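The same chain A turns up in both complexes below, where it pairs with chain B and then with chain C.
Now for the complex of A and B:
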């Protein structure tokens, strides 16, 4: 399929499908990922992940192998090279091999799915990663999560399992802070987070995801993965992490409703936390500001405006320019971090 | 040096025509290099008396480095130098990229020389690799080989589209040099091919009638020029070879729409 395009595509922030896939499979603790393509695709992505992980003080680089195809494989087919890489991956004594295709592998038409279905001592999963087919980083995340769902066993229901967390942004600076905030909100409902699919999870964890009573998607862009979970396991799906204080209240309502838990006590607690939050930033009241909305997620802008309203801050052309976080602020804690950054800006002005 | 490419639908008789033209030119004392650009790699087989020569891509795959001209070029009938590009096994890899790799190697070896270079190219596939012989520095004259069958004309028209497209590049010197009719015993076939040629802004250089001599020559693993040099069929090839040598009328084609092409073919079939 040829998609319409424009020169502005060169400025897209959505990145490559392959990178999106690797940002998931690289965080399976006991899996090896084979990238079927030229070694440059692997090198480039390892460099990118290394740099991104260093930013969040993580030094462990995921295990990626390249099938290292050259012109010879492009002309005569790269399936032998992939088989060789699969043998090497199998020898690493992992619990799973993820095989990700690249642009050139899909262009020459290697039958990767067929090779992955051959019997081996370790399960092998094929994940489409060719960026030229459209989509981008998020498409890669969806492809990876959807493919890894095939590991799950449907008949392993346990009522005491925690809530499944799906699609955390492993390269996000505040990934652990956001997880803690969701855990905190869950605790208000006497719930606990369960398997993190996929963040530092094991392959056996992935097999057990069907036992969770409900799932929380990191972002609404993962709705297709949520639909698979719903249809396959009958799971309740919350479509995204809570955004801002208002989103936190709605999150508690939705989760309580879907699990048959009375959310009112939790909501009262959360409202108290929100009130404390605004009290803590009382010094920002009535200040004149401008929001730097360029390229911002609409959900971020909406959450920020809601906070401005609560604190009676005024948007004015002469106001101090305030930054918005790249991702929408998660819950009350995320909003607190945003307000801290605003306070720093205002104090410097 | 003249570089000539023959394009046409698979099985239409490109290789037979190319080999006999190369043989005719070689008989005149010209230094001819014929390059088969088809994964089927049988373009030069009759020139080599039935021998299937190693393909450039096989050599790249097996030997990889330090290939010499003598590894890839084989001398056949009347001194015609023969090369086969080759290709991957059916159903895997990218044959188009194989053609590009072959050309790069021949360039590197300095093998593209002689009075005439003949590129025998599969015309059904229209990816960039199979257009390589038409790119800058290679064939400047393209001859379309076609019968009066609709699918053959369709393929020829498609190649005309490729020539037209490539001609839009200011640096490109590729032109349509003519149409060679290769008969399949269809009534008024020469008239149909001739009208098609004119409709796309070119002309029919020669019409090669169907002949048992061709089959007999091939069964004896020879070109017609070698097997039956005094036959009328050999004379047809000689005339065609001469017409190409004398040809100076090159054009940018105006391909037909599918409707116009079908109307043309239908008119002849109906009559």
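Now for the complex of A and C:
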């Protein structure tokens, strides 16, 4: 096995804050992101997005403009390079410029906030993105979403029927499938998703997020962003996409209650869908298995155990080792995909 | 340096790590934050360690953290460790050599801001090769880099043709054991001249049949029992095969109008093949790395250079394939998303030339078929 030779491989390993920021700003349709640092930092992320988007047949890659600092800027300061990059970004006819700092820009001490506050024809926001300072990939996502919240109009009193979806994992392979599952559950309550903050959203969408009746966060790790939405707009906040069948029922209950919609008919429909799901995997009943829980999200393990219980599958040390999905299975469709992978494993055993 | 939109070529750190990671008994540590670790780790299919520094270490010094990572690696059985510094530790100015005193460490200063992957590879090779000793006759094989999709094929093909000519191989740079650096040869021939490792005297390139023939003749002069004749005979046969296949294509088609976005050496190889065997006009070349002309790694500039004209064939990476979706595509430059390459296919040597001609012809023929199918709809 060549992928890991030491525990040092997994220490402090959450990933780069900059990547977290760019996984948000890169999905603002009419914005340019300026990355203040060496071009290598930008290249890493362009390459990652190119790979992720190619997997889902997206042709366009977002516009990331690097200030491209070299040894000279490292010695004498990189503010001039950032100004050039900002001028170039301004000339690109976008609606917003997001400026993201990197490790090296923060270490040499460029005053990025001051340069971003200079008056321009396009609004400029500064998002901290230094890899070693910011706390990793998830913090980068939170930094970006919190900064973009400042675009929202505080006195937006329009009411919108669409539920705000916050913090979708844009680099996730199943991102659209998960969104569709949430949309499907919302439809049981006669609701629809509204603005996707931020996935294929425009800057004007970001300004209008205050008009949504409620918010669904992609994951509980975005709680701080949820708190900001609650305090600024008085929105109800559902703390994460539903995980597994039980989570789907709770999701409908919570969302219905928070919006004053009777959730019982939707729950009855969802229970019917769950019953159909289990019937479809009747062949797995009474099989002896083991779950591969190493490194798994506790929510995934909990959802998997609940499914095992419903299907009366038995955990035994001699059972067939079953994989768990990297991210918790979203809703009923996500659970179905997990069960399919279990079935494939069992048939190969 | 001017700003750059969507840069599409790796930094010096990545190049340096790719050079060192080729030595299987050398543990390589990237001394930097997690972001500087994951990208090289994802590209270079070899074990790599990271120090994953955090803000307190950047403020109070990274030496302690690095020492603990290196010590742990050594406790786990690695005798030799190379540490490559990324941008932040490089500019902090710490005396890492003192911090690591008593440990057998190779320190390589290759922060990303120093340049591109080729620059980093060169820096790492220079540092590593200070230890090399030229003690055996023969040639070293250079230009082997784990970032190159064709490195394994190039290495096997280089070894094959050198063996055919009776020329012994010294060290392989960089895919070898450290020990071989103590028994290196006085000449280094390059399988991919853009990954430069100066060990002894440069002995020419193995890219393209004309260079290959001259390189083998020159190398054979330095070895008493070497004989390049079998290689030269195989070159003749390969040329015949390439001409025949291309002539057949040209009976029904015009020479393709091509654009090449690749490292300078590979770009030149493909340009020569297109002109020599297919009678094509000299293609547009946008090199990834700096040579006597500037590199072109800005996605927007590449797009602007490609879009105004019509091309039958684009040779490059999946970035260019996306810019020109209606052109035939040959993927020789990383990344090559959407195509799987598991086998050891070369671009260097005789098989490399045949493989390159084959890739060109198959791509243009496939595109013709696609265009024809589309016209029937």
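Heads up, the rule we're going with is that the second predicted complex is superposed on the first by the 333 of 349 C-alpha atoms of A that agree within 3 Å, B and C clash if a C-alpha of one lies under 4 Å from a C-alpha of the other, contacts with A are read in each partner's own complex, and residues count from 1 in each chain.
Please note the rule applied: a contact is a pair of C-beta atoms (placed from the backbone, for glycine too) under 8 Å apart; a residue touches a chain by one contact, two chains touch by 3 or more.
It should be emphasised that the depicted structure is a prediction, and the values quoted were computed from it without experimental measurement.
Peer 1: Examine A:79 and indicate which partner it touches, taking first as chain B and second as chain C; both and neither are also allowed.
Peer 2: Only chain B; A:79 stays clear of chain C.
Peer 1: Which of the two partners, first being chain B and second being chain C, lies in contact with A:346: first, second, both, or neither?
Peer 2: Neither partner.
Peer 1: Mind working out whether A:110 is in touch with chain B, chain C, both or neither, as first, second, both or neither?
Peer 2: first
Peer 1: Looking at A:71, would you say it contacts chain B, chain C, both, or neither? Reply first, second, both or neither.
Peer 2: both
Peer 1: Could you let me know whether more residues of chain A are touched by chain B or by chain C?
Peer 2: Between chain B and chain C, C touches the greater number of residues in chain A.
Peer 1: Scan A:122 for contacts with chain B and chain C and give back first, second, both or neither.
Peer 2: Neither: A:122 stays clear of chain B and chain C.
Peer 1: Which of the two partners, first being chain B and second being chain C, lies in contact with A:132: first, second, both, or neither?
Peer 2: Second partner only, chain C.
Peer 1: Which chain A residues lie in the overlap of the chain B contact set and the chain C contact set?
Peer 2: 71, 73-74, 107-108
Peer 1: Quick check: in the complex, which residue numbers of chain A touch chain C?
Peer 2: The contact residues of chain A facing chain C are 2-9, 11-19, 34, 37-44, 46-48, 50-51, 54-55, 59, 61, 63-71, 73-74, 81, 84-85, 88, 103-104, 107-108, 131-133, 136.
Peer 1: Note which residues of chain C are touching chain A in the complex, please.
Peer 2: Contacts found on chain C: 1-14, 27, 32-36, 38-39, 45-47, 49-55, 57-58, 69, 72-73, 76, 87-88, 91-92, 111-115, 297, 299-300, 318-319, 322, 325, 335, 337-338.
Peer 1: Across the complex, what residues on chain A touch chain B?
Peer 2: Within the complex, chain A contacts chain B at residues 71-79, 107-110.
Peer 1: Write out the stretch or stretches of chain B touching chain A in their complex.
Peer 2: The contact residues of chain B facing chain A are 57, 60-61, 64, 87-89, 92-95, 97-98, 101.
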